[in-house]
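All chains are identified by letter, namely A, B, C and D, in their written order; residue positions are counted from 1 within each chain.
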């Protein structure tokens, strides 16, 4: 059994880790920290876990995380970088669901997250945790920077096109929509029910921190300088993410060839579903599961290909992906504990 | 492996059966019928099942249901009673999620469902499929009438009080609230998004077919004539049911004694969670799972006890309960394939 | 023109006052206070008011409220009682949307609101602002305690029955459901979108501050000691309130007589709509309007009458009712500025 | 008083016309037709109109529409073209909320709507009812083709840029999102609450009938051939539309100049609100009102301008715009009866 610790388990990615790990056959929840909730049984905060998760929150000083085999950080940005070194020294693997270990470009990190990066050594060895594009490196990693939710969809949606060099990498557009849980479990007016329900809006249109993360990764697939417009929107739903990606074709390819690029790229992927050409995936078709679905369109057989990508932002976009990385790091079958069938309706 | 057939798998209880059975270790989906969708892969109608459920709908004449070990009817009322006899004759067990085999009182059935009961022989041997109150009979049953969603909450909420004879059985009130999926997957104006979202209403206040079903069962627990006012309401949510039950105390019992009645009654039940006295269970704490949660209140220590009961109407209120019955009927551990952790948020 | 001041206009009852008063032909928005938002144009906080409301928030010391004809308090409990005396002394009328002037029973106020009542003189002359039951007193009042949202529905729903002495006043049950806006615009985890959407729960079942307020008013209509069980629930919708009231009949009355009691009581009321016997009012049929709708049921012609009451909790349940009181206090036709047609769908 | 008839008042644009016209000071509801609901008081179908709209539906043969001054068609496509000629001959003006008189290009109409156009004479004189771009023609029109909801946002969002010739007209992208009411009030599975709530999807990505309508109008503003990719999405909200428009700049313009283009274009428009550069308009800021709001963004000061446009799809996107046209056709102030303040929250 893998002894698992979680730092910061009171947010949505934290409780989602708990939901997944509670039925993971090879994982044993060993410690979960929360300074504020020390002593509180996890199931008292989240009654959905009553009878299924027995441990209580403990304050960081009592949690003894160095006895774990792996520690997940489901914390705000900046926490993992303060604790990673000590854990690694004790032989504990680290998976950070925040941004501390996502971007190699420290200047970009510091610009967008507004805090100095205090752990550049660890950053240097950290591996970007997107298994479909980075599987081998994850297998041997000690530290994972788990991808952002939006970046997961953008990378898996653009990758086959960039790798095949059939699109203009300099004029990518990603019009993305997320459920409200993506904003986290924070006491903020802007994400109240009465503020977000029955309404729709864009946010961060002039600039969002997921842009540099995504560009850094996409650039690895292209010789051409990557240009990306990323426009996030807030949808009145709890979970779910839908990215509508626009790319200008630069090569003479048929629709069948486009479809084949994707089917080929993901033919062995357990968590990427390439739907028939012209499909309209719904976010609910991934609810509660680690699946990500992709469908291609090409209006009027013109020179723009539209890629629709959906996922559950808390699973494939966060905690499920993190467990997928854990499975790889510990030599388990990649799908272990992750075969939830989506909850629909 | 239990060979499972499903009649009428295109509705919400049908797709929920598929979701549950897709990961049930001892069940094998063998046939699923739909006259209209003959030949259509199930996963084409429900993309959430892509890669997880391989079979296609077939028309009833081709489905060869008599080769199954058990057939679930996820159909409108009246279908199961037309086919049950033939299946039983072939040694197939039958679990009906509709009302055909719920009520022993044929007159009541015919009054409330508006169709003649054409299968009284089978009805006579049919067992009411509420395991917590009827476990032994279910184990040896050939035919199950799976309880209605509302009746499940009312029975499990009132039972300990009635059995202990501490309330007035003649003046029960059940003010119940259901998510919209309870109305099924039918092309009807009244359950459109734009009709039900951001609104709340009661329906069927002057009379609802779940009243006689519930009274028939509650009467088995009481010498006194049962009187029940049942008021259903429609909540703008997909899944979830919340019943607020009012009972007048007729005995001098303390709150601790009341709480003990429930904890005692359900202490070995894997799917009934008695929460601490004074809790406020949320429907989402059961979403996607077979759990039902109960909490007691007694305002001002007065003579009325309020029982709050929540469940997922499609799982414990329908398909999960049906699989729970199947497990009992085939001698499997009762929780087999039913240990989903609720999806929250 | 009536010069209107608003204290605390940043919450939902505040912005709703602004929406209504912006098109009120006899009211002129003169001042709106907010310590935190001093100088901010109201329309910058609420873009829905762009081009329609020109004034800016000002800090209390600059607002010069004594120049107003009337001041509304859309504040937390305790604010109005600190400022009422000074305003009254300056000849300004006061309408408090919080609880400071609702209950004559100071001990009950202090018990339920947890603060001492510091303004008992004003409380003594304050008038309970429910026009349908208290119209004459409101006309000549200088201070109004605007009713709570739930109490409005309970009083208008029970009043005709109590006044006609046909029910047992000692065993009233009110099972009530409110949209989330009723909890106000506060940065609290419990009312986040991801916490309340797609779920349903009761709260405050063991005791809620609207119970003593309602009992104090209902007691005025009955010789018998009033007993009331009030159970509030939270509905995943923004606006809307639905109260399901249960009363035990003590007199031999026909359904026609019951219906006549209500039609008679409210026959001249512009904002109370008695629907045909057996109707199921939807909250959306009042959305954005000052209407309250009532429908009666009597299952099985038994001895319990069920009264269904719906309203928009922010309008008839709060700000619309306050403007209705203002109209009365200033001798205007009661419906002035309040004839919005409900927004449906 | 303008005598108003409505054909097909049972859908959402119909009831929205009723809501607006019920308080329009110069309009008198004279007739409303529905073959199926003949004799039913309108307020029985829509209780929100109880006490506010007195007329009943009548079958077309009884309705005597030729006595009206204007007839609105809130019907499926194809109905207005069958009745327009007779009404015009009787001196009645016609405003069609469907597509019959929107597109001059008959071949395009027939291709996208799948029915032959049987009324080309009337089509020839019909005026496209977008007041901000076509005011003078509307004033003198006898027949109005009221714009589609999406096309309204796309035209008002792109127009200032096209007219100023600062963008590439050949590569426009419109990523648009609509509330579910845009799909109408039809008994269809796909728009059930349980199918659309808590989910998000694109639809019609490979081709949608609002594309040719929009291109026909945009082409009037540009010498360059217009190329438009239009991608509609379905949002789990009742009302509201958000269009995210992408245009490639071809001229050297500053952000201030871009902003000035829009402020100049709409400086006298009562129903178009140009928000400060960089704003994020929410659909709810227009709920229930005829306002449309626009905000500009230019990420990284690059060569793409992003225009965010929001409106209430049933008001400015349909019925409010139709009444705006009526006001112009009858020489009334354009804002008459249309000054509803948006309902927020």
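Keep in mind that, in the parts below, a residue touches a chain if its C-beta (ideal position, glycine included) is under 8 Å from a C-beta of that chain, and two chains touch if they have at least 3 such contacts.
These numbers come from a predicted model, not from an experiment.
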| item | value |
| --- | --- |
| Pair with more cross-chain C-beta pairs in contact, given C-D and B-D | C-D |
| Degree value of the rotation bringing chain A onto chain D, based on Cα positions, nearest 5 | 180 |
| Same-interface partner of A-C, chosen from the options B-D, A-D or A-B, over half of the pairs matching | B-D |
| Interface sides of chain B and chain C: same vs different residues, half threshold | same |
| Distance between chain centroids, defined by C-alpha means - chain B, chain C (Å) | 39 |
| Centre-of-Cα separation between chain D and chain C, whole angstrom | 36 |
| Whole-Å gap separating chain B and chain D, where each centre is the average of the chain's CA atoms | 45 |
| Per-residue overlap in chain D, given as positions that touch at least 2 other chains | 12, 179, 181, 185, 194-195, 197-198, 236-239, 281-282, 284, 287, 345 |
| Graph class of chain-chain contacts, one of line, ring, star, complete, other | complete |
| Sites on chain A touched by chain C in the complex | 12, 179-181, 185-189, 191-198, 236-238 |
| Partner chain D, residues of chain C touching it in the complex | 12, 15, 19, 22-23, 46-52, 181, 185, 197-198, 238-239, 273, 275, 279, 281-282, 284-289, 291, 293, 314, 339-345 |
| Of all residues in chain B, those that touch chain C in their complex | 173, 175, 177, 179, 194-195, 197-203, 205-207, 227, 229, 231, 233, 235-240, 242, 244, 246, 278, 280-284, 287, 297-300, 302, 304, 306, 308, 310, 345 |
